[in-house]
Amino acid sequence: MAVHRLVVACPDRSGIVAAVAGALAGIGANIVHADQHTDRTREPEFFMRVEFEGVAPEVADAAMDPLRRDFAMTVRTIDGETVPELAIFVSKEDHCLRELLHECRNGDLRARVGAVVGNHRELEEVCVPYGVPFHHVPVLPGDREAAERRQIEICRGVDAVVLAKYMQIVSPGFLSAFGGRVLNIHHSFLPAFVGANPYRQAHDRGVKLIGATAHYVTEVLDAGPIVEQDVARVDHRMDPRELRRIGRQVERAVLARAVRWHVEDRVIRSGDRTVVFA
Amino acid sequence: MAVHRLVVACPDRSGIVAAVAGALAGIGANIVHADQHTDRTREPEFFMRVEFEGVAPEVADAAMDPLRRDFAMTVRTIDGETVPELAIFVSKEDHCLRELLHECRNGDLRARVGAVVGNHRELEEVCVPYGVPFHHVPVLPGDREAAERRQIEICRGVDAVVLAKYMQIVSPGFLSAFGGRVLNIHHSFLPAFVGANPYRQAHDRGVKLIGATAHYVTEVLDAGPIVEQDVARVDHRMDPRELRRIGRQVERAVLARAVRWHVEDRVIRSGDRTVVFA
Amino acid sequence: MAVHRLVVACPDRSGIVAAVAGALAGIGANIVHADQHTDRTREPEFFMRVEFEGVAPEVADAAMDPLRRDFAMTVRTIDGETVPELAIFVSKEDHCLRELLHECRNGDLRARVGAVVGNHRELEEVCVPYGVPFHHVPVLPGDREAAERRQIEICRGVDAVVLAKYMQIVSPGFLSAFGGRVLNIHHSFLPAFVGANPYRQAHDRGVKLIGATAHYVTEVLDAGPIVEQDVARVDHRMDPRELRRIGRQVERAVLARAVRWHVEDRVIRSGDRTVVFA
Amino acid sequence: MAVHRLVVACPDRSGIVAAVAGALAGIGANIVHADQHTDRTREPEFFMRVEFEGVAPEVADAAMDPLRRDFAMTVRTIDGETVPELAIFVSKEDHCLRELLHECRNGDLRARVGAVVGNHRELEEVCVPYGVPFHHVPVLPGDREAAERRQIEICRGVDAVVLAKYMQIVSPGFLSAFGGRVLNIHHSFLPAFVGANPYRQAHDRGVKLIGATAHYVTEVLDAGPIVEQDVARVDHRMDPRELRRIGRQVERAVLARAVRWHVEDRVIRSGDRTVVFA
């Protein structure tokens, strides 16, 4: 039986869980799994993710209408049968692209790669055996705008854009074209080593762990809400080149997890932070 | 405001979340946090842990009576103001005992150590600065029964017994006196290296990680439901003595986490396995 | 300048390091890096791995002859310019094969895949974009011998055979054809869950970590010297299928590390154990 | 047989390993273990740590004199029978102090705590059962100098000073009194979250891992050479108080490892970085 899902956010108050669960029970839906969280950092806000079965997603969505009104609730209802579509942006490094293509192929990542967009041609051949169209969109100095218009055109309708070592800054207009659903992999344990060449920085500082951070892209460089992070142990023998090698392992693992959680609607943005129902 | 909790188990069917949440909403209780899980390994069974505030635990418990009947539900209601009481059983090694005493003292582990029971006297002095009574109960070969009678007497009323490197096998009668609430730390990554001298076994086998396992004790040695496990990296240079040193670090961390989850009612036994709402 | 290496083993006694270092200094070789270890578990045995530059490997090798005699030393001298050749054996699962092909391609694994051998045809297409020949050698029940004759023919001259989810038992004759240089990835944290279907076993036992083990293959199933192991955290929500998904991540990472250490001559077998100069 | 050690540093050139090993062999010393590293970041510098047995440390030290001259080598020779002495500086938090006292007591940390110095009295009682003298040295605003004079007096002759959550900045004069052998535990994964209240900062930034860093103290706050770092996974449910709880676990583990490596002479400072022969 198909399992669908609801993602809910509203100001916190009593009775929300009962209202959501009651509305679902009232239409004969069975809750398969549910997670909830109240963020009390600021004005308390309630978040919930529900997996349910037994009714069509449209029916569940309609049943949420009274709650939308009564609880000032935003509700997204997702058809679990729909396979989300990704656009992957790359430059010259292939490890993150390969990881995502591989994970989509073997089904560990339940998504479809609709397009790969590269500002260089280097990774075109990587896409061929996966049957994924590669679009070469050079980004010329001083004409990012034209490139972004083409990129937005190519990616029309995708559920998320993944910057998989894209190495370019995108504009606010680009971000808003995708409603904030733009994920990036940063090659350090943020907030350490913001900016370029973090492996050189990490080496100079003599850190004993290096990391990677997957985050939503916002207008402030490297400051968007963090979805996932991880680290690997390094030691004094490793030069920046070796740190990069290890960093690549961490980067692709972290990005793949973040994308999986995103497409399974496990990540909810809450201000500058994220709630991850992993 | 005090936060109390409910721990619920019943055969799985539609509408359980709605019923629990509805019953709580009906008495004005606010759900602060909730976790749920359906184990479909065998006959599907539903488990839920709810943190709530706004009503007394007795009131919530009474409100669950109709659900006990309608859903064949077992419900435990825990007063969040009550501090659970532990008995810690030891032999000669002190690292797990110290960890638990320290964590209780600093409040990271919200429990009270009512008694330390040792079959040797070595650790008596460890208890003194913590003001915890130490009971020396020697276990003579062939007379475990008498020792256990004294132990049960000493530990009357405790919420859990923690075997913190106790190195003795306890009887079925002992286990039933504590309703299965007996936790043990095993010095290996179970099910590898069952039995004695796992660090020697680990060394001989040349493993690259050593571990520890906290589990509920059952009548079958080293086979009870696992609560927590962890490992640490080792290498060829380490002899069994060095493996033990590293193992001690893992053992005390794993046991402390398992005890914390137990006293916060985050662990639910489900056949030979556990559900841990960590 | 090219960096070459020596791998040394001999019964332990005084003066070995001085003799090796002196012999190298005597021919004008510069030691770039050196690791050594004395295994005192049994009759003390000395192991050393030296990276040197400044002289040709043949010259260094000849300079070791007196030590071979005086210290009953075995010395392997490896030309650092030579790229080792691998044969990869597969069945139907692609994650380990892809990882190794990818790592060889990007240079993180300094080796060349000379042949992929599959007892099924499923992974033939994976090899195409990498330009690696795929050999389909079915293994018929009762006729493993003929299949192994063909496999040995195909793999003549390779430096190591990697069983990358090959799922078949190989014969002692096969092992001796490759001088013990046969690596396998086992889908559990050995020695737990020896044998088939470890993820089902892990689920039934309710473990909180699952692992993978890369080891040299010996005549005793799953008992060969361990090269590398790692684990990943799992929880009660994961069914055997989900455990397999996570297990695949661990398997490919563990196998890739083990193969890298092997081809860089960082692994020395010492009885049933390994010394890994990682 | 007693195992002693040499720690060597000099400009890199050919033949150093041979010279050190030859000098030791010449006096009948047996090398039990050796590690070496050449830092090529700047002007290449060579580092070596040797464990040897069979001769007295004074004899070995004298045998190094020609090398001191010929290779511009600095050599420290350490008598392995000597137990190093530590001074531990604390304020009000006890977790790091307890860890170090416990590890020294059980022998996992081979050192003796000669003095505990607190700017508050809170941790006096912690020292009592360990028989370690506690010195209350208040640090009054505007009169750090007098306090440091007393501290230096108390700690005369110790091998290292460990700031175990001391929460005070020490002066350059203090540092030079201890020849740079002052270790600190910083409550974040440096260089992220420099300065005060890192757990609040980590929460606000929504990181998914929190860490701790043990480093040598230099005149620049939180910028000294890093000895050890580690992290623990956190999630959106944890408030700053919970992050602190988890952070304490990481802090004491990281500090204990760093202190152990320091007293075993496994840490060599190399500019702003460290070589750790762990």
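By written order: A, B, C and D. Residues from 1 in each chain.
Please note the rule applied: a contact is a pair of C-beta atoms (placed from the backbone, for glycine too) under 8 Å apart; a residue touches a chain by one contact, two chains touch by 3 or more.
What you see is a predicted model; the values in this text were computed from it and never measured.
Asker: Higher C-beta contact count, A-D or A-B?
Answerer: Looking at contacts between chains, A-D has the larger number.
Asker: Of all chains present, which has the mean Cα position farthest from that of chain D?
Answerer: With centres defined by C-alpha atoms, farthest from chain D sits A.
Asker: Roughly how many whole angstrom separate the Cα centroids of chain A and chain B?
Answerer: Centre-to-centre distance between chain A and chain B: 37 Å.
Asker: Can you give the whole-Å distance between the Cα centres of chain A and chain D?
Answerer: 41
Asker: List, in ascending order, every residue of chain C touching at least 2 other chains.
Answerer: Within chain C, residues 33, 37, 237 contact more than one other chain.
Asker: Viewed as a graph of touching chains, is the assembly arranged as a line, ring, star, complete set, or other?
Answerer: Per interface graph, the chains form a complete graph.
Asker: Along chain B, where are the residues that touch chain D in the complex?
Answerer: Checking each residue of chain B against chain D gives 33, 94-95, 98, 102, 106, 108, 125-126, 128-129, 237, 245, 248-249, 253.
Asker: In their complex, what parts of chain D are in touch with chain C?
Answerer: Touching chain C from chain D are residues 14-19, 21-22, 24-25, 28-38, 54.
Asker: If we count contacts the way the header does, which residues on chain A are in touch with chain D in the complex?
Answerer: Its residues touching chain D are 37, 39-41, 189-193, 203-209, 211, 225-231, 235-237, 239, 270, 272-276, 278.
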